[in-house]
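Below are two complexes that have chain A in common, paired first with chain B and then with chain C.
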Partner chain A sequence: MIRDYKALLEPLTRLRGVRGAMVVAADDGVVVVDALMDGMKGKALAALAAALASRIVDLSTRASFGSARFIQLQAAEGSLLLVPATEQLLLVTVTGRDVPLGLTRLEMLKAAERMR
Partner chain B sequence: MIEDIRALTAQLAADPTSLVFLRLGEALRQRGQLEAAQKVALTGLSRYPHLPDAHDLYARILADRHDYANAFDEWDMVLRIAPNHVGANKGIGFLYYRAGDRENAVRHLQLALAADPGDDGLRSAIDRLGGGGEVWDTPEAAQPEITEPLPARTPPAPDPFFGFEGSVNRLLLASADGLRLGGGLASTAGEDVSEVAAALVSGAAREATRAAKLLDLGEWRHVTVECGDLSFCLVQPTSDTGLIAAMDTALPVGQLHFLAERASKAATSWLERVR
Partner chain C sequence: MRALEPWVIRPLQDFVSESSARLTLLMTASGQVVAQHGFTGALDLMSAAALGAAIISSSSEIARVMDWPPFRNLVHQGQRQAHYLAWFDTPRGRWIALVVFGTETNLGLVQVFFEQMVEELAAAAPVESPPKEVLAVDFERELNASLRALFGR
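Let's look at the complex of A and B:
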């Protein structure tokens, strides 16, 4: 298990189209560590990501679909990608349009694995 | 056949108001040129919106494209205009059969036979269905293969996802108040989770809207969630409804998006009709 979360974010932020990545406390949406492009509001992003993840995890759990591994909010101008890494921590990535989503997903799942 | 199509195309070009579009559309459909057939049918329908045979043609094309929900709607439209229409009763009978509802299938086929008592193939199909037989000569209107298992329970005809695979356990339409409007969801263990999921859909959709807006991501299109057993895709057919399409996690996510998109279109047109 790796505790240097900043180092875990580095491979993610190097991917084309990624605007930022962060680790967030899942229960209260507080930023644990972030690596964001200038102008991105870390606190707002963390809070929104945690709120969305909470709703989705609740839905998938109560519908007995199994635990949520990867969440993608796809919008016209980009994506918000979430991986519930542990019960307490959420890995968050924001991307622009036309990004290699498959690769980003893979890197996020790898990073989340190293957080466990 | 090619000569027929050329000749019919020329006739239609010479007189765009001609009803020859019905023959041309059918010839194209039989040849498998469904895109072209659909264009011809829709152009004809725009000129003759109350012509039962035009709706019947379009329904057959939709059925060939496996768009059973919209095919049902078109045949339903035909029966509103011409309740004894043979093709429409055959088509709807086929769709009911496909959904596992033998009773309604036989009822519609009998209506078709009453209008065309000389159709021995139809009579034989009804006999086979009534006797518990599995397959009959598929109605000339629609010849898709019946490959998927029939659903355990059949949704009522007005269900927005009627004709869709997974219409009762993999597709769910919910209102902003958390009520189930159509379809249904089941867990992998087979437990009905429709009501509990419907209650949570609008909250998740609201969070998605808020996040996309505040992060300047533009309008959101879908939330796709990969879970241990089933993956699901959340979309909003209208601003006050939410739709979940679910699929085995092992299947490609593109297939899930495709299902969600089709279901969303069906839900939108269903909502327009019922509201």
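Let's look at the complex of A and C:
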């Protein structure tokens, strides 16, 4: 289990098109550690991402799909990617358009594994 | 939702709907209620205001004794609900907010929309009129008027 979350985010933020990554407290929606491009509203993003993840995890469980492993919100200008890494922590990545989403997803799942 | 001054209602309404707060109380630093959402009893409201103001006052005193900058907010996290208590400056002086929220929202959202409400209140506040002298004869009438405004009775 890794505790240096800042170092954990580095491989993610080096990927092409990634605008930032954060570890967020899942229940509180508060930023634990972030590596974001200037001008990104980390606090708001963390809060909204945690609220979204909480509802999706709830939905997934109620629908008997099991707990959600990876959540992708794709919009016209970019994507919000979420991985519930532990019961308490959520890994959040924000990307622009035209990014290698498969590679980003793989890196996020690897990072989440190191957090467990 | 009730407020002593109408310009407070819109920012408070936005905050309550966006943050999904269960109860919200805005008061002056001395504990005088300015606006409230969700409280049903005058006694609960007045007790919450007095306790909230006292907590802010005592935590500010702790910070002063320790030579720290004053704490801006406090969070009491419970299992099913939490209290967020914060002070902020408005054109009408220092105010305190007490927000009670549950598992339908989270602390981050409450903080984000709270900061937005503080900005909206600052923008909406009318230019300060000179304070009028409070006479004993007016006090009871004003107190009753405030309670009517806050509870509609």
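Quick note on the criterion: the second predicted complex is superposed on the first by the 116 of 116 C-alpha atoms of A that agree within 3 Å, B and C clash if a C-alpha of one lies under 4 Å from a C-alpha of the other, contacts with A are read in each partner's own complex, and residues count from 1 in each chain.
The working rule: a contact is a pair of C-beta atoms (placed from the backbone, for glycine too) under 8 Å apart; a residue touches a chain by one contact, two chains touch by 3 or more.
Values in this document were obtained by computation on a predicted structure and should not be read as measured data.
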Is A:23 touching the first partner chain B, the second partner chain C, both, or neither of them?
neither
Pick one for A:63: touches chain B only (first), chain C only (second), both, or neither.
first
With both complexes superposed on chain A, which partner does A:36 reach: first (chain B), second (chain C), both or neither?
neither
So, does A:112 touch the first partner chain B, the second partner chain C, both, or neither?
neither
State whether chain B or chain C is in contact with more residues of chain A in the superposed arrangement.
B
Who does A:79 touch here: chain B (first), chain C (second), both, or neither?
first
Check the residue A:44 against both partner chains and state whether it touches chain B (first), chain C (second), both, or neither.
both
Do any residues of chain A touch both chain B and chain C, and if so, which are they?
44, 48, 51
In their complex, what parts of chain A are in touch with chain C?
24-25, 27-31, 43-44, 46-48, 50-51, 54
Residues of chain A touching chain B in the complex
44-45, 48-49, 51-52, 55-56, 58-60, 62-80, 94
Report the residues of chain C in contact with chain A in the complex, numbered from low to high.
105-109, 111-112
Going by the contact rule set out above, which residues of chain B touch chain A in the complex?
185, 187-189, 191, 193, 196-197, 200-201, 203-204, 207-208, 210-212, 214-232, 246, 249
